[in-house]
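Chain lettering (A, B, C and D) follows the sequence in which the chains are written, and residue indices restart at 1 in each chain.
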Amino acid sequence: MKYSHHIEFKVRDYECDMQGVVNNGVYQNYLEHARHEFLQTRGINFAEVTESGINLVVIRAELDYKNSLKSNDTFVVRSLVRQISRVRFEFQQDVYKLPQEKLMLAARITGTSLNANGRPFVPDMLTQLFITD
Amino acid sequence: MKYSHHIEFKVRDYECDMQGVVNNGVYQNYLEHARHEFLQTRGINFAEVTESGINLVVIRAELDYKNSLKSNDTFVVRSLVRQISRVRFEFQQDVYKLPQEKLMLAARITGTSLNANGRPFVPDMLTQLFITD
Amino acid sequence: MKYSHHIEFKVRDYECDMQGVVNNGVYQNYLEHARHEFLQTRGINFAEVTESGINLVVIRAELDYKNSLKSNDTFVVRSLVRQISRVRFEFQQDVYKLPQEKLMLAARITGTSLNANGRPFVPDMLTQLFITD
Amino acid sequence: MKYSHHIEFKVRDYECDMQGVVNNGVYQNYLEHARHEFLQTRGINFAEVTESGINLVVIRAELDYKNSLKSNDTFVVRSLVRQISRVRFEFQQDVYKLPQEKLMLAARITGTSLNANGRPFVPDMLTQLFITD
């Protein structure tokens, strides 16, 4: 797959639960951070967008857990994004354990952009997101 | 829908992010706690099961975000579960804001049970889970 | 000790780490939620205060960990507050496991209130906090 | 101060709360990760130690919050450790925002080591921790 962005992480022990693996909910944290870093590379600063009254929101998340990350694991989140309607965009985000690049999680995150009244609204800057590398 | 279990929560402010709403990843925490409390009502104690060498794991999560929970909101997570194959079970879990019972999130969480070697294995006690009320 | 507020919790399994106990950092979450609920009983809504441009902030936290909370434990956070200078207030917050009321954590949290420019500023409403029961 | 270990981080947006700054409780996560990475450099793997039946635990945390980290900030946690009694050790851990090295948090974390029966017990390997660089 042709990803547009990647970012490496290391598991932190507070992210592991009593099963000794990264808790399921934590993966959404990883994916969010990867998306925001991806946006940043396209000139979109999440905090500034939020302060300007525009809310980038997730409307659907689909996560397939393949294998469990553990203490001390390092991994990479690889992402790509495509526009799926006038006001919706979908991120494909896959988590691979390093150094073998073993697939740990495959996710599809659908988002939209809302103005201060909660109405879908795609600001011009978001078009930056869909420029193919 | 005929749910089998419900549990009430109140949003805690540390769960809210810079958008002033509950962060997307936190909903998986709510759902996990609701599932574990549900299991407990069927005589299945998550910590004891884990210590006995059996890992109840999530293999897929589908979350549809309908509306955002905010500071001070109270809500209920309503759950039901069904067996979808010999070794897989699926929870339908919906989050409703109180007191209006407004739907905030609809989720389907697929799980399985693994023995100490990581092989699918459904212990007898799990059959308790699928007894219809 | 004469506490002014108490709130009950149950441990959620995602709060437990690989040692099978509630992770150290999670206690600050419990204490924050207890303080905000305490404030609410005095007519101070944390989210509204924040939106009005006033930031209630923690400037010091002292936590003595006495015993570890585990999966399925229920506990109560008991709090009291006193003004320690014109612009500083200190919460004493203690965590007791139920039903035996065994002390698990003893904390002192010092806070202040900052205006939009980051300067200490105690709004009138905060005086509500120091009314003795 | 002569620190023995440092590790760099970047704020992740899910760590920020409705005030738009890193939530107070999150700093303990940063400090824990920094300590575990520090231990690792001395040949002490936290997960392995835990699995061997020894629990490294925090018994006291003192945190002085000096300034607030925000979205997009990068920072470094600098740590040193000293033995304060036969069975207790204290980490001094300070958080500096980069690139200016502005002090954001100063912390002292006291820990001990417990055997499977919950009794203080300092395994030989911990002596590695107190070797001066």
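Going forward, a contact is a pair of C-beta atoms (placed from the backbone, for glycine too) under 8 Å apart; a residue touches a chain by one contact, two chains touch by 3 or more.
Just so it is clear, the structure is predicted and the values come from calculations on it, not from any experiment.
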Name the chain pair with more contacting C-beta pairs, choosing from C-D and B-C.
-> C-D
Centre-to-centre on C-alpha atoms, which chain is most distant from subunit A?
-> C
Measuring from the mean C-alpha position of subunit B to the mean C-alpha position of subunit D, what distance in angstrom results?
-> 32
So what's the Cα centroid distance for subunit C and subunit D, whole Å?
-> 22
Could you give the separation in Å between the centres of subunit B and subunit C, each centre being the mean of its C-alpha atoms?
-> 28
When you check subunit C against every other chain, which residues touch at least two of them?
-> 13-14, 16, 18, 20, 23, 25, 29, 32, 47, 71
In the complex formed with subunit A, which residues of subunit B make contact?
-> 18-19, 23-26, 28-29, 32, 47, 50, 55, 57-65, 68
In the complex formed with subunit A, which residues of subunit D make contact?
-> 12-14, 16, 20, 29, 32-33, 36, 40, 45-47, 51, 70-72
Quick one: which bits of subunit B touch subunit D in the complex? Just the residue numbers, please.
-> 13-14, 16-18, 20, 23, 25, 71
